[in-house]
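Multiple structures follow.
Paired with subunit B in one complex and with subunit C in the other, subunit A is shared by the two complexes that follow.
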Partner chain A sequence: MIVRHLLATLAGLLLLLVPLASATPEDEHGHGHGHGQIEPQLNELFGNSTTAGRHTNNWAVLVCSSRYWFNYRHMANTLAMYRTLKRLGLPDSNIILMLSDDVACNARNAFPATVYASAGRQMDLYGEGIEVDYRGYEVTVESFLRLLTGRHEDTVPRSKRLLSDASSNVFIYMTGHGGNEFLKFQDNEEVSAYDVADAVEQMWEKRRYNKLLFTIDTCQANTMYSKFYSPEITATGSSELGENSYSHHSDRDIGVAVIDGFTHYILQYLETLDKSSLATLRDFFNTYDPVRIQSHPGISTSLSSVPPEGLLVTDFFGGVASVEVVPSSAELPALAAGPEASAWRPSPRRGHFNAISAGGEKEDGRFEKAARPSLHRQQGKEWVRPLGKEQGVAWAQGALTALAGATAYVTYLALSK
Partner chain B sequence: MAVTGQDQDDPPAVAAQPRSAITESSKPTPKEVTARINPSSKKRLSILLSFPILFLLAIPFWWYTTSIERLPLPTARIDGLGGVGFPELKTKILLTGDQAAFPTPPPGKAVFELPVILQSLGKEVIRGVDGIYERQRPKKRRTWELVYADDKANPAPLRVHIRRFEHANTSWPLEPYVQPPERGLVTSGIPAGTLVIPVHPDQVADRFLKQHYKIALINSILSLFPDQPPSIPLRALKYSPNITLSFVLLNEDASEGSYVRGWDIEAAVQEHMLPHLEPLKDVFNFTIESQLLYHAPLTFEPTYQAMPRPRNKQIEQALDAASQGNDEAEIVAKELIDEELEKGYIIDEEMMKVFVNSEKWSLDSGSTNNPVLRLLLYVPKETHRPMRLSTSDSAQSFLLPQFGGVVLLNPPSSFPPSEAYDLPLAALAPSFHLFTQHLYSLLALPTLLDPGKIHPPPPASPFHPPSPLWQGITPWQVYQVYLSRGKENAEEAIKTLVGIKRLVAKIREMKVGEGVRGKVNGAVERLEKVSALSTAQSAVENFILTRDAVGLANRAFFDPSMMGLLYFPDEHKFAVYTPLFAPIAVPLILGLLKELIAWRKRRRSAKIRGQADAAHGPEPGVEAGAVVHQVDAEKSGVQSGVGDLDDTGLIEGVRLGAPVDEDEDEDGLAAKTDKTVTSEQRREPRPRVLRSRGKR
Partner chain C sequence: MLSRLRRRTAGPRPDPQGVNFTSEHLTAAKTLARRKQVINAIWVRIPILSLWSGGALEDIADNSLYFRFVLALVGIIWLLAIPYEGLWKRTYVDEHALQPSQVTMYFDWAEVHKADRYLDTLEKIVNGTFDERTAFLQESFSISGLATSNTSTSTYAHIRPPRSKGTETILVSANWVSRDGTPNLRGIATLLALGDFLQGQNHWASDLVLVVGEGYVEGLEGFMREYHNLFPGVIWTGLNIDYPGHSFSHLGMFYEGVNGRLPNQDIVNAASNVARYAGGVLPRLHDVVDEPPAGFGSPLVQNYLLGAKHLLHHFAFMATGRGSAAHGVLARHRIDALTLYASPAEGPHGFHTLGRTIESTLRSMNNLLERLHASYFFYLLPRPDQFIPVGHYLPAAVLLGASLTIGGFDCPSPLEGLGYILPAFAVAAVAWIVGLHPIFLAPVPLAILPRPQGQAHTSAKSLTLLFYGALIPTLAMVNFPQAVVLALISLLYLTLPKYLALAILAIQPGLILALAQGYWGLDLQKDWLAVGNLTWPGVYAVWLPLWMISVVLL
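Moving on, here comes the complex of A and B:
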């Protein structure tokens, strides 16, 4: 009995000692390390991985591939989508809008310089701040595929480029007239599902997207995404093979159909969301109603590693993914900076300030090119040295002046004696 | 008959022989006419054949113009790159020290030379570091080696120096710092960028001096030189050799007065930015632009509420300083206390996300396709002052990943309201101090200050106060940048090259021209050089190789010629070619068929005739044939054929020879057939077989 008691106490003591013994060496070096390992794991478990994960910005490509007045609704589809994206916070610089853009100022438009997407004309989609990147005849299959793959001539401006990277979610929306595995571009040419699939594959190879949402509203739309073979694509279309996509309604005064059914209903849903919405793509897809849309919308999620439940609508339709606030320790200590008031100076009056321009006056902040010191110049890499160092020259000038002054004074003294 | 009439009007086109026939007999038989009009069968055949021959000849041209140029890529070499990547260099760190930094041994004990002391210290340090790495999971490896003598030909990129320093702190632990560049007459003689372990003369005699040296060395070297070059976080820009920095001062609304009219941006850039940018000249080529905006309204209304910003610590510090008779500190304290009591216009996190209205504000000149970092100094209008961020314990500044940074600048409330301000350098210092840190984050530059391990350097002269600003970027950091960006570039270049290789194999329509191949080869060559010569080359050269490699690989990938050929399914190709070729092909093929059949027929009849000749004896066949022909034509009384009068003079060709026949008389065919047969019969009994076969 006694032996057993002794053994039990010993075991208890050992149990108590083990954590102590194992804790001591860790305290020296491994402590921070242990925490460092656990924290990311915890974040992964409990954090919202879709927003805090690998993506920092969103890009959108909106394509209206038809032209002419009777295709008013396609222009309206695209502009309405554009408006929704901007409302949800996507900046214009991240939206590439391809639009034949010939209805707003069409001679047949009874309401010049406007585009409406609803009967009753509640909201002008062609109001302020529409930035069409590819317009009119620039909307071609080639320009679309070049946009996706990034294979531009050097002269193409920034606004016409999709500058996404591995941390960008890309949303592609297309509308127009299509058929089995093709979409017609301006009654002139057509893009096939294979072309789009290959272009997206090239995007993936160059890591031009993190996640991609492909949405298309056209007849037999689901065939257009059937050829995709690259990862991380979620795709949705308005109608099955053999089905037409119908317009939703027309405006009697405009005289043509103003919006397509599929786009109308998805926009109606998106209108209920705001920037901080936590709705997922699953919620979004669940709003599809074949009876109202008059066709069977398709959803393809097999290529995406994340099911639609795991993707937020705002992961594609939203704006900036995150901001980082600088901690106060980064600030210059108030004491070291000195009193603010003493640093500020009133500006000397330079006449009345009369012109306010949004552009502002540009100072020429460019610095001249100068030869950079010897090390790598022979390799033909002429790098710019930002600023010339003139302080030395100024110092020498000052010294010379002082010396001259002193000499003059000494001479003066000598002479005056 | 139109053909005949035409012929009579226009005789010179006809051969000479039949012309004489016309003149001889006043009324030419239809057969003669057709004989005159129609070219010989040889000629017809050649005309007919000229079309397919033309097609055949055009095939190489068609092949050349429609085939896609696909030059072979060095796939094997690209595959070979995969395993190599960016080499791990064993960096040399030079350890030096002042003789006076070590205690002189008491008399009677052995005196060791300085190098010996340093070597034994170095061994301790290495053992210590290895011990630390040994215990960590996953296991880490030391990527540096200590050396004790400088090799002039191949100088160590990094140095450590133990310095006996009168102005050093007399307390433990030692406070290592990185030597900034020195100017002036009195310098320490330590090269800029050296890691200095300062020791006060009073400390040299300490018993545990060696332990302190060891701890300081291990801590500071580990902090400055981690086992892995820092990875590039998501918020930072991907590597691009050219980067534009756009400094923008935004007045929310200058029309309401009290706005900033000028700022000393040039001096601020000179003072705060250049010390950090210039040493990076081999990595980044910076373009700096600046502008003032007078109207930059917000798209939302900040909420007016109490400040969420306790700055007690700073106030206490200021009050402490003030109580010691510092007049400036008193003013600072007053400002801080005023600020704390105030209510303000609060920007919460959601507002921060939409704060920058890049659509309406023109934040850069847009003159370049290079990445732009926008550093924005925002001055709210008078009715929005003071503007603060809602987050507690934060600076009035936030960072937008891959985009830039924003600093809020509220004009001091104690300042007399003026129509406009100018911001001199001193007023810009706090903001630019934050900008500097934004820049480090956005460019993924390693930070130097590691609290408790690396300390700010002492001021150039003991009479100056220590500068609170960040020390300009040091060689240690630049070295890390070379390594991390070199690694990033090598990985990116290899990924891109492998991507090109895969795409070219996958997409058969993709063109690979001379330009693309040249760029791919250039990139591969550079990457191979990195791998091959890693030991001998310095980090800069390796970095430059990878920089150029990634540039070439990207240019190859984005080469405009790699695109432009679309996928066409086979149905499309048929749909394009059929309408073109089908109409031409029908008469050509039919004509050829007819010629073929006629030729076969001629051959057969020639054979038959040859046999007949052999049977009948030496009677000249031509004459006989001619006679038969004559009789035959008269008997039939119809035009029996166009162009079937060949050299043999036999009439058999009529039945199949020319299409005109059928057009001319419909019942003639049957009649003719009978007639010909009779003529044949007259000559020989055999051809029955032929006729019956023909009828079948």
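Moving on, here comes the complex of A and C:
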């Protein structure tokens, strides 16, 4: 057994070393324009650095952690935030909505199957196209932490997972009843500021976000982001240590408060923006007015490498459709050699990367529309590859790699039988 | 006994280096040493107290008597301090779910008109038979679309809102007789109008049961005894309507239940809040006018007297264990209930105000997701919007109880003493079984019971002091006014000089009860039979034995 495993490991090592070894001499000659990228690409793969312009998509996690009819406003807060995100273009697939109670169908609701966030009830937030991902007793501290860290049971559907990556800006919004460094879930358990900070650190380590905006509306909310220690986090909360966050107003026919002050004024501001807005988070934070909110909202930007004036509001609120264009010369040699010869397959990622898999181009429409024309353009312009010796070397490398891989695999199969 | 405790030595201190002692031993030793220090500290101070209380009591040999005297004095001063504002706090609604006065009220002039029409008929049948009255009530409820029926002494209707699960119920009642003794016709008319009004509204999460009881409490008590054969839902909260006059100026909150059981304070606070801010009528506690008495200069004194007035009304209901109004019978069924008493006046309020106040209060009750539990169950209300938490008044009864208990520490022969005490309890038990009125027990202590002498006398007296000293603080937890009355009786019977005590003991308990019945119509026996007021058995189990023992011990 041990001998077999040793051999298999050796074969694997050989497989890795061949392309690297063959690449080295060329770098020394100084004209391998593509292969000089290996270092940054390795960094990109295994490092944790953030590079400008890497942001390609947005995700949002909206959590209402409290139940009961008299906490109607927390459901309304969350649903109003949900509506705003969708209005700014974030698709439902990128929003994880956690609602711990269903006030819409509560017997005390005089307007069944509706939720309103303002007196007068102009806009039903529970009307059509509401996708609640976690509802009722599914909203627990455990499910919230699993969601952030991506540690799910195999059976959890993709729609309930935060499928963000290192190119995602993630917006987390929480509301409920809280206190110094904790937020109550379901009137039953609590998530502490340390738990959230550690979960976010795991997100960072697992490259699940590019930038993160954490927003929380609860009593003593600012304590909830005080324990963060991971990079690229901007955080804001509704009230200081020792302060309560108050509801904004009630609807007298519904009979309970319908929205909280902090959330109300945030939404009032966001309502003035559209998808193309160039407003920055600085502009957003400048709208805070402790007198109207009746508490002192907090802002934490020290962990972020970019100050709030460098971040657009729409970097978090709304849909982003930027495409990461990779020059073919920036690809790893094995890849550049062509899909047929490649023994290495990139792991499936969201976006156009999905399309780059051996022989599978035509299965994905996006590849044909976006990626292929760009390849043509590249070949036609500055990234045209000279034919000749270098390409021959590349082919040889590819063939050698494939051969080594095949040998190793056959050896392994033979030994393991 | 205190001296015996003091003389007991704790033994040598354990050696911390020794192998036989663990850290727990050391901690225990420290605790024992600290206790000994405390006892010594008390012991050392007793002579100081006796010096301070002067020469008037110097002929009494037992040092502990001085200490007892001081305790009783402090207890009585504390008791007298309770109406002082410094011990009060402002009330607040603690249960978030209640959300009082936050809803639009739909009870309006159309409903007032209906109530007026119901009233027309009620005035015609008020002197009719039960069958005539229940027939009209059931017909009215039926026309409103409610399921309705009757028990032998009450008529009831069941509102089943479309989205109620039927597991919880709110009870609303009005009885034919008001607490004034006059017919409560407007209360019943309000209830009938409510039945018509609430039927078909979609925002109720609880069922509602409307009850019209015969008499003052008899009908409602009868209904409650049969409730579980009739309905599946559990009643959490109740509201009783008492509207005897033509119009009213204030809404009186009657909250004391039978046997001194108080509803959760949240219900009083919520109903007061609704009356004030939603109904637009000032709430009162009972029917006490909330205005400081004129002519006492300082506001401090005025507020003290006003607080005392409110508390005396409260004490009168609590000490006798009677419910302050018809809702009192619901307390025995663990229902947090309240009577809204429309205080008769020339105006300005009527059906409109009352209906809206009730509607808004019911909406608050409807919001409840569990039984009321957040606020206080033990409290005193010295004025509307003010309360005294249990920690601010309970020490008075504890101090009075302690002053008795300390007197019982010197008990040379407990068994011998018991021999003189138990016969008194036995006689009272026999009288209870036979159904003898307490007044007929007057000759018993002189004729039958043995009189202890010497050491037996000391022991019997100590045991009595110990027993009643323990009973008073215990009772104070559940019914503070009753405990205070018992403490004062015990102090008068057991601690006064001989001839003074004799004069007081001459007023036999039975005589007091008979006089109370004659002057104020306080019939405890009837209360016991009708609504289960435990004060009547309490007279036999606690007061009569105490009286007999005190006479024997003279």
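Going forward, the second predicted complex is superposed on the first by the 269 of 417 C-alpha atoms of A that agree within 3 Å, B and C clash if a C-alpha of one lies under 4 Å from a C-alpha of the other, contacts with A are read in each partner's own complex, and residues count from 1 in each chain.
To be clear about the criterion, a residue touches a chain if its C-beta (ideal position, glycine included) is under 8 Å from a C-beta of that chain, and two chains touch if they have at least 3 such contacts.
Because the structure is predicted, anything quoted here is derived from the model rather than measured.
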Which of subunit B and subunit C A:Asn106 touches, first, second, both or neither: second
Subunit B versus subunit C as contact partner of A:Tyr68, first or second or both or neither: second
Subunit B versus subunit C as contact partner of A:Val256, first or second or both or neither: second
First, second, both or neither for A:Gly150, with subunit B first and subunit C second: first
Complex interface listing, subunit A residues touching subunit B: 25, 29-30, 33, 54, 56-57, 89, 91-93, 129, 131, 141-142, 145-146, 149-153, 157-158, 161, 165, 167, 191-192, 194-195, 198, 201-202, 205-207, 275-276, 319-328, 330-350, 353, 356-367, 372, 375-376, 379, 381, 383-387
In the complex, subunit C residues that touch subunit A: 96-97, 99, 102-104, 161, 163-165, 202-205, 363, 366-367, 369
Subunit A-touching residues of subunit B, taken from the complex the two chains share: 132, 135-136, 234-235, 238, 247-248, 254-255, 259, 261-262, 265, 269-270, 274, 277-278, 281-282, 285-296, 311, 314, 317-318, 321, 328-329, 331-332, 335-336, 349-350, 352-354, 358-362, 365-366, 368-369, 389, 391, 393-403, 405, 411-412, 414-416, 418-424, 426-427, 429-430, 433-434, 437-438, 441, 465, 468-469, 495-496, 499-500, 502-503, 506-507, 540, 544, 557-560, 562-564, 566-569
Subunit A residues touching subunit C - in the complex, by the definition given at the top: 68-70, 106-110, 112, 250, 252-253, 255-256
